[in-house]
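Have a look at the structure that comes next, please.
Residue numbering begins at 1 within each chain, and the chains themselves are lettered A, B, C and D in the order written.
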Amino acid sequence: MSIFIDKNTKVVVQGITGRDGSFHSKQMMEYGTKVVAGVTPGKGGQKFEEQVPVFNTVADAVAATGANCSVIYVPPPFAADAIMEAAASGVQFIVCITEGVPVLDMTKVYPFVKERGVRLLGPNCPGLITPGESKVGIIPGRICTPGNVGVVSRSGTLTYEVVYQLTRAGIGQTTCVGIGGDPINGTNFIDCLAAFEKDPNTKAVAMMGEIGGTDEQEAATFVKEHMTKPVVGFIAGQTAPPGRRMGHAGAIISGSAGTAAEKIEAFQAAGIGVAKRPMDFVELIKARLK
Amino acid sequence: MNIHEYQAKEIIRGFGVPIPPGEIATTPEQAETIAKKYGTAVMVKAQVHAGGRGKAGGVKFCKTATDAKEKATAILGMQIKGLTVEKVLVTVAADIGSEAYVGIIVDRATKKPVFMVSAAGGIDIEQVAAETPDKILYVPVDVRYGLPMYDAMRMGFFLYSDLKLVRAAAKIMQQLYAAFMASGCSLAEINPLVVTPTGEMLAVDGKMVIDDNELDRLPNIAALRDESSEAPSEVAARHANLTFIKLDGDVGCVVNGAGLAMATMDLVKYYGGDPANFLDIGGSSNPEKVVNALKIITADPNVKAILFNIFGGITRTDDVANGIVTATKANPLKVPIVIRLTGTNEEIAMKILTENGFTASSDMDEAVQKAVALAKGGKAA
Amino acid sequence: MSIFIDKNTKVVVQGITGRDGSFHSKQMMEYGTKVVAGVTPGKGGQKFEEQVPVFNTVADAVAATGANCSVIYVPPPFAADAIMEAAASGVQFIVCITEGVPVLDMTKVYPFVKERGVRLLGPNCPGLITPGESKVGIIPGRICTPGNVGVVSRSGTLTYEVVYQLTRAGIGQTTCVGIGGDPINGTNFIDCLAAFEKDPNTKAVAMMGEIGGTDEQEAATFVKEHMTKPVVGFIAGQTAPPGRRMGHAGAIISGSAGTAAEKIEAFQAAGIGVAKRPMDFVELIKARLK
Amino acid sequence: MNIHEYQAKEIIRGFGVPIPPGEIATTPEQAETIAKKYGTAVMVKAQVHAGGRGKAGGVKFCKTATDAKEKATAILGMQIKGLTVEKVLVTVAADIGSEAYVGIIVDRATKKPVFMVSAAGGIDIEQVAAETPDKILYVPVDVRYGLPMYDAMRMGFFLYSDLKLVRAAAKIMQQLYAAFMASGCSLAEINPLVVTPTGEMLAVDGKMVIDDNELDRLPNIAALRDESSEAPSEVAARHANLTFIKLDGDVGCVVNGAGLAMATMDLVKYYGGDPANFLDIGGSSNPEKVVNALKIITADPNVKAILFNIFGGITRTDDVANGIVTATKANPLKVPIVIRLTGTNEEIAMKILTENGFTASSDMDEAVQKAVALAKGGKAA
């Protein structure tokens, strides 16, 4: 078992013929993901890698292949439209990898997706992987291994780091989810925690947060009130100078809400194990799996 | 992206918000000429991307044109929070009857632009929020519908009781909202929104922060960037599509991804070191990016060791390896370098590095410890 | 029993100090409607007729009086905003009397109201009346009398005509609803028919349609499939020349859908009694109440 | 409100839609001058608010300027569906490679503007809908989000296969949608949308119908009304805020409310009479409206009897009674009048009428029968 995707998930790739889209489509296919269709306007009728049919629109792709999940690699100015197209086409799960989507676009996209009861992961996220079954996005497959730890993170490469450590220590994962660091995204920590709580295979959860916002504090409250499974957390940006932007928009310290200290305190108050270094996840998770 | 007060006010004026007349001066003489032209008391206001200009002495009331020249002399060239004042705004001083605060930010929790309005204007809104939260009305806006008149009126009634002022304020809310949306803002503020003793409403100070992701599609807004008011290293990084923030330490960090970059800095601190910077080369890297990153980092004389921490996903580690090779061939390094690479195309990357005389590990903890030790003048462990 | 309003409905009047608003507020109060508040921006704190408190905003009015129904008499350019204000304020039922609301305004107002689960009646409608209990809108109270016939109509004065005939013949009404004739309105025939079907006091329904659109045909299908109570119907515009506008926008014949003949045929096919003249309702309803 | 082809095309051109150059002529000489200026084949097109201009001979292809003059001579002054042609559009004739239909209407069922597009352009879309419904793609637009690019592209792909044409069409869809919303349309059409043999896309004909309720807030659009192309009685009615449509019968009807007005006409027919008009005095009547209504009705020589059917709700019947008294004092009636009044302020109304020598009933059926009989020259029953 897993969350959001499994070996039966049928994926349509929006932007399949672009630089990133084609590279990662191949990687997904190699990993075993069921990539059933691609979309590039004007290339309808072609085949990607002599095997995956390409369509002009997502609607055409869904109609022809029954795809139920979309992954988006289109450039930022077109990402909002691509998400809405996917949501309107009938897929139930959309993963938007694109980085640099204007936040105001997301204020419009978010209610569009919500109204249709569709789950959006991202934008500006690495996607997710259910080891051994399917990966949708760009998380390197070889760093993961099947097991019973759920991983959820606001950061891309930091997720890889932690998953890599877990795998090296022989701790496998049910699903690893990168929710992305943008101020407005489709899926938050709580959505993933709730899904992991429900997933019978997941026995513990590793959660990586960042400075900025209050998502981690709300996640901590959720863990305290609704979760029976152990959670271990980490906050990146403990040494970041206050008030400076650290890369993506997720990392603005605004007022008193959003410092690493506050978030760590919220974790501790909720009984979440706190990793001081990314590598500390290994021991903390191990102790909780016993 | 930050823009100056005078730029923000010019934008909102374009949407109909009334502002006092004003012009930019870069010399005291210009300030005098402008003040003379208005023939009335003026404010001379430092145009820098920093809060607390008033407290720092960067905003002065001037009764006469001579006065304006003197004050401009004092303010031009002044340092405010490490930034040099290159320009002042010379603007007609408004008679102030009352001062209100009106701001819009994009709120993560509601996922909407949210208005914050308060009759306690003229001061820092964060202070009002902390001390007297009841004095702020928050009004989220559903962008699908825009700002409805009833919400604009509600804010007007929160600030004023005279219907004429309520309507004037409601109109300004709608104009500010239109400016906010059209300019790709993450923040827009009027502080203070002044009512003069004769009942005129004026935006006396304005501020806007633009979402960097909007700049490609808003060339007119992008053109407002004033690079003379930014740190040169950050300008260079932006030109190279890197996110760079200079810090005070000696371990130069080159990382892909903001989260991992912060975690790397945290780990440098954890092992007793001090990061010299935050630098995120982002996804979809190419060798050129790495070359530029190294240029920026090696330009900092404080840097005693360079730490690469790359975990390839969308970033291909072979691109990074090629970048390191190219950059160091052109400009041999004067400080030690520690390279940690893993993920996408790791084998190719390792091969490239080895063939060019570099050693690289795939362990983050080990690499950070090594870089900290090297920065301290020690050998690699 | 009745539908939508009864003697406990607490009404806030938007535009209470205007010409129409004040006139009809007095009429409503005389009829016994619980008019608990009025709204006119800038007149907050005043009293209407020395008795009804006036507020600057609907939110204020609802907070102070617990109004659960709003009736709107503001001029057309402000009507859309007034409806949205009411819907956002927490009232559950909105009646918009205003005629001349731009249709494109309604394309925006409709989803706004729907999203909040609020019922809108109108715009461009006479409102509704539950005889002996409450009237919200402009239907003249003295033409109605309590009883067990539900009345629903797209037209204003035609509704009065039929109700007047029924009352003169001693046939009372549970509730009389004018849904309005604009192309986009909040409540349609089916909404009212479903409510009448559920209302235990309603024993039969009188329904007055018009040429244009297909609402009557859909209502006929609903009657056939879901209603156990007898329905009698009338279509105005049988002699109207095709393709000409007859007053409000509801009366455009577009293509083959919307002629009086089609609608009457749909009524007959659904077992709806067809009144040839407005006055025929009396005998047709009488026969069905036996 | 209907506007002319040339006006609709000018509006969509303002939103970026490419149209062929053209100008308006009111004389054959002007048509010749315009055609000479273009120096190429032109179309001379009657500007009237009626469909089927082509079939009626109101649209002609002209090879030369002399030809244009001749065709304009024939078309100007021509009657099309009872309307006189006062103006022609002289426009460059486009080379036609393919013709498509693009239209937007406000749809009652979805409560949204809906695009209708078809590669079967140049002909009546209602015919296409009836005969080959598969050739039309319907795309509803949620106005909260506007027309998304993906839907515009979907329509583009429905019409064309060449990506360049698809993108050009998608752009035109967005421009037409913007024009539709900004102009308060209930219908906007490009028919045909032409692709020339060289791949250029052009709106060769355009049509817009404006929602009358929008005109107050869109003065620039309201100014496009061409009263010379409307029936004088309907113009007079509109100026008096009445809805009036002339018919062929002899019973003049004055009713409040469209539904009751239609039901009254139906009842006139039911009793063997023939209505002379549809006339709705609307809600919130005042005496002035009634005076104007009587003026318009009595101007029709066919009218043999006048029937008032007023059921007061928001309309006050005393206002109507006062209007009847005022109007008939100023211009005594030459035909019999039957008055039926009931509802708001009925008692006052009846008193006013009785005091002024009128009789009035409160029964619709009775009143209609009486009016029909009077129109036939009989006495009231």
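Here, a contact is a pair of C-beta atoms (placed from the backbone, for glycine too) under 8 Å apart; a residue touches a chain by one contact, two chains touch by 3 or more.
These figures come from a predicted structure and were not determined experimentally.
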Query raised in the report: Given the two chain pairs A-B and B-D, which is bridged by the higher number of C-beta pairs in contact?
Result: A-B
Query - Interchain centroid distance [CA atoms averaged], subunit A/subunit B, Å - result: 28
Report summary line: Chain-centre distance (mean CA atoms) for subunit A and subunit C, in whole Å, is 49
Query raised in the report: Just curious, how far off is subunit C from subunit B if you go by their C-alpha centres, in Å?
Result: 55
Report summary line: Each of the following residues of subunit C touches two or more other chains, namely 108
Requested in this report: Scan subunit D for residues touching two or more other chains and write them down.
Outcome: 144-145
Query raised in the report: Touch graph across the chains, line, ring, star, complete or other?
Result: other
Query raised in the report: Pairs of chains that touch, anyone?
Result: A-B, A-D, B-C, B-D, C-D
Report summary line: Listed in rising order, subunit A residues that touch subunit B in their complex are 19-20, 24, 76-77, 97, 99-104, 106-108, 110-111, 126, 138-140, 143, 153-161, 164, 181, 183-184, 208, 210-211, 213-215, 234, 236-241, 244-251, 255-256, 276-279
Query - Sites on subunit A touched by subunit D in the complex - result: 41-42, 44, 56-59, 78, 81-82, 84-85, 88, 108, 112
Query raised in the report: Within the complex, which stretch of subunit D touches subunit A?
Result: 145, 148-151, 153-154, 157, 163, 166
Query - Residues on subunit B engaged by subunit A in the complex (per definition of touch) - result: 106, 108-109, 111-113, 126, 129-130, 142-144, 181, 184-186, 211, 213-214, 216-217, 243, 245, 247, 255-263, 265-270, 275, 278, 280, 282-284, 310-315, 342-344, 364-365
Report summary line: The subunit B residues in contact with subunit D across the complex are 144-145
